[in-house]
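Quick one: the structure is below, and I'll ask about it shortly.
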Amino acid sequence: MEKEHNLVPEDTLWKRFLYRVIYRSDTRLGKLFDIILLALILVSTLIIMMESVPKLDQRFHLTFIVFEWIISLFFSAEYLLRIMVVKNKKNYIFSFFGIIDFLALVPFYLSFFFPVTKYFLIFRMLRMLRVFRIFNLLDFMNDGYLIVRALKNSSRKIYIFLLFLIIFSVIVGSLMFMVEGGRTGFETIPQSIYWAVVTVTTVGYGDVSPITPMGKFFAVILMLAGYSIIAVPTGIVTAEMRNKRQNLEKICERCGNEDIDDDARYCKQCGKKLA
Amino acid sequence: MEKEHNLVPEDTLWKRFLYRVIYRSDTRLGKLFDIILLALILVSTLIIMMESVPKLDQRFHLTFIVFEWIISLFFSAEYLLRIMVVKNKKNYIFSFFGIIDFLALVPFYLSFFFPVTKYFLIFRMLRMLRVFRIFNLLDFMNDGYLIVRALKNSSRKIYIFLLFLIIFSVIVGSLMFMVEGGRTGFETIPQSIYWAVVTVTTVGYGDVSPITPMGKFFAVILMLAGYSIIAVPTGIVTAEMRNKRQNLEKICERCGNEDIDDDARYCKQCGKKLA
Amino acid sequence: MEKEHNLVPEDTLWKRFLYRVIYRSDTRLGKLFDIILLALILVSTLIIMMESVPKLDQRFHLTFIVFEWIISLFFSAEYLLRIMVVKNKKNYIFSFFGIIDFLALVPFYLSFFFPVTKYFLIFRMLRMLRVFRIFNLLDFMNDGYLIVRALKNSSRKIYIFLLFLIIFSVIVGSLMFMVEGGRTGFETIPQSIYWAVVTVTTVGYGDVSPITPMGKFFAVILMLAGYSIIAVPTGIVTAEMRNKRQNLEKICERCGNEDIDDDARYCKQCGKKLA
Amino acid sequence: MEKEHNLVPEDTLWKRFLYRVIYRSDTRLGKLFDIILLALILVSTLIIMMESVPKLDQRFHLTFIVFEWIISLFFSAEYLLRIMVVKNKKNYIFSFFGIIDFLALVPFYLSFFFPVTKYFLIFRMLRMLRVFRIFNLLDFMNDGYLIVRALKNSSRKIYIFLLFLIIFSVIVGSLMFMVEGGRTGFETIPQSIYWAVVTVTTVGYGDVSPITPMGKFFAVILMLAGYSIIAVPTGIVTAEMRNKRQNLEKICERCGNEDIDDDARYCKQCGKKLA
């Protein structure tokens, strides 16, 4: 994610040193730094959670505040250092992790003016995704990357599916609004749409459920539909996943094509016989 | 969906002009028209939803009525124009979108006599499906088409599966009616069938749930069955989906290999260049 | 299902005639007979359902009784006729449909002694499975057969999966019994196991749900496990289904092997080159 | 699981005899021993369940205690015998079944000091996994092994998926905590995270459900997300399962084809007889 060769010779020695410690984890100090960072993120997340529990907040209010200050100041210092020691500052600031590092700080300073924003600090958790790099979990990263890629590749199909699903839920919800005629939980169309989504996704809270026989009959049809429809996103992702599985090991020597099936004997891009 | 070459030379110029604006979106005015249409559909849908909320309806009743009239009149005019400017009128009127365009109007005029039918206007949302054409989202259309085709191709298997499921639910529901012996939620067989469907589809509202130990034991078996059965529609659609990704319409002339990916340029079996 | 050539020449003519009408549907009368049968099954099922609804039973009690008698006597006559006109009587009586035809009658006669058994008449619905034959829905039968075969082939894996799931649920339920310490819904271990199954299958009635923070934490882990585990039966059936798709069209001329993949060029059983 | 050739000649005859009876099931006595064991495990599990039901415990308290003592003493004797008759004692003690055999005893003796631990005896159920060996269910064992292997092989991907899911649930739960602002069920962030997991896994107890329109809107989005996300673990396991069915360990020597079914005798690519 972060470029490694952003440092030109004229950089002072301590900048180079800090760069290695902060951005990489191939030195003992660098690893230690990363582990401390990870621990602080976890502690910070737990504190935010505990602060929201009145009982705990009353007993440990001061402790929480102190810890929050310490961690937030540490993160702020770390963020500034990250910008300082990297050559291509713009690159880092607008990278995925650069933005997350920034967002992990904003709520703290914002909470002086708008106390409620404090809870947005929970987004700090996203910094944990760095964990793969820290522990050199290459295999894990690779698998994670595969999942993300499969989702990305099937995202277009999933969007269409969701559009169908939303239109379907809106129509079903409206019909149900007419059927149940304003009974508890079906007082308005948006309420009925909420019920339709709860039902079709098989979540089924039960806070809203049909009361009239007609409504129940209708619900039964919707449930059976939802039960069959769930197969669609699964089919999409499974097909995509299976596809992605094959690409990885083989590669065409001539044209560099990586999309090679297990049973292919010739590259489908350039026709070269595969080894 | 709509034929483009329905116009013969003797058509007057404004007819041709209107045809291009209304039916196609390759001119600036045509695009504008489509976007306005899309916006009106969305506004119309939102108004119907908001009208069903007593609070909002009391405050904005007049506004809603006025907007509904304007939009409905606009849609009526548009519908008539569509019929006027197209050559093969019958073709359009009985096409998928022609019927939807018509159904999007009927409830408005019907609501003068039967007020409750007004809510059927929600079907206007289906007109939104034109969105793919408007924004030239060819890739999206293609993917959507793939999903629809996979569903269509596996529809026969899904119907059979649903028939099995319904028979299964009816029998299980009746058995449960005997087991729970008329307790709350199991007073009648239809009620018990409703419970069986709620359970086997894993929706689980909880408005009806077994009370006796015997009933719970029975429910546990049903849930485990439902949990295994859910695999069936998924398996059906997944198998269909995977199939559709490849075979489509290509075949290798030399070796007859039908397993050709969309992006393949050479047969992976014999290395022949594909047409 | 039913053998067609059970009739030897010495059978009287009316026996032959009745055989064609009752067992087959390639004559006009035979088709009519089947459709009447189907209608009676549907009516019979609906009556049983409606009888269980006190309101309807009070108003139409006599009608229901009369119809039940008529239909049951018709079915009895039909069953006897079926046995009479078929040559290999034993074969029919112990065939799948023969047993169902018998079970569809028993509850009626049994209900004179044990009234509650009347509701078992709902099993008559299973006779509806003949519908495929009636309407000559060969494609449907074929697809239905495919589903049944895929389920049968993966049944062993699914049994193992269910055994794992049951052991898992028993252990989780017992642990939860200790965690929630006899609170509402977790008073006994069987109750807690019921909760565990409701949760792990994602049904989630909500009639029993964890109350203590510890119990909720535990439940969260269980839900995440259940969410991942659901993939297993799906994976099993999907793999089986995909496999079964290929077998049908091709067959090896030399050894009759039907298990031939789409991309196979040689029979994997005897090595013969495939056409 | 257990080594069979741990016995050297100098072992006394009764040791050899007991070894065959206890560890193997190829003698009549060995089979009987295994079946008695299985029955005792089942009885023991049922007793623990029934003991937790106050009504049953009051009536049969003494019976339960007596049975528990008998079975536990039998299991203790069996465990000691198992250690005695096996040559490589360490191997057995730290094997999978050795540990389970031990854990199946500990809670009984521990319950003299800490009564609540008695319920841990439920872990005895795990001993039932030996059932496959007892009945020589080789095919079942093989299938079970396939499932376990598919899960093991996809475990890394599932861990990553669960990590994503947990981070997602924590963030969504925290946002919901702000949206619903401390209403029933959303009083604290951990509570809201509990709700998020209940929703995203489609369990949907309904003990906590959104009340404000804003919260419901939010929940709808979460449900649709969960509905799409469920495809991911399914896709992972399905891809893995399909893979395991084929490639296993075979490969064609002549053409290198690795796509060989379990029951293939000839390579389907080149027709070579397989070893």
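Labels A, B, C and D are assigned to the chains in the order they are written; within every chain, residues are numbered from 1.
As a convention for this text, a residue touches a chain if its C-beta (ideal position, glycine included) is under 8 Å from a C-beta of that chain, and two chains touch if they have at least 3 such contacts.
Values in this document were obtained by computation on a predicted structure and should not be read as measured data.
When the C-beta pairs in contact are tallied for B-D and for C-D, the bigger tally goes to C-D. For the pair subunit A and subunit B, the CA-based superposition corresponds to a rotation of 90 degrees in steps of 5. Inter-chain centre distance (subunit C to subunit D, centres taken as mean C-alpha positions): 29 Å. Separating the centre of subunit B from that of subunit D, both taken as means of CA atoms, is a distance of 41 Å.
In subunit B, the residues that reach two or more other chains under the touch definition are 161, 190, 193, 202-206, 230, 234-236, 238, 242, 259, 269. By the touch criterion given at the top, residues 45, 48-49, 52-54, 116, 119-120, 122-123, 125-126, 128-129, 139-140, 143-144, 146-147, 150-151, 158, 161-162, 165-166, 190-191, 193-194, 197-198, 201-207, 230, 233-238, 240-242, 245, 262-263 of subunit C touch subunit B in their complex.
Against subunit C, the residues of subunit A that register as touching in their complex are 202-206, 234, 238, 263.
Those residues of subunit D that touch subunit A in the complex are listed here as 156-157, 159-161, 164, 167, 170-171, 174, 177-178, 187-190, 193, 199, 202-206, 209, 213, 216, 219-220, 223-224, 226-228, 230-232, 234-236, 238-239, 242-243, 247, 257-259, 269.
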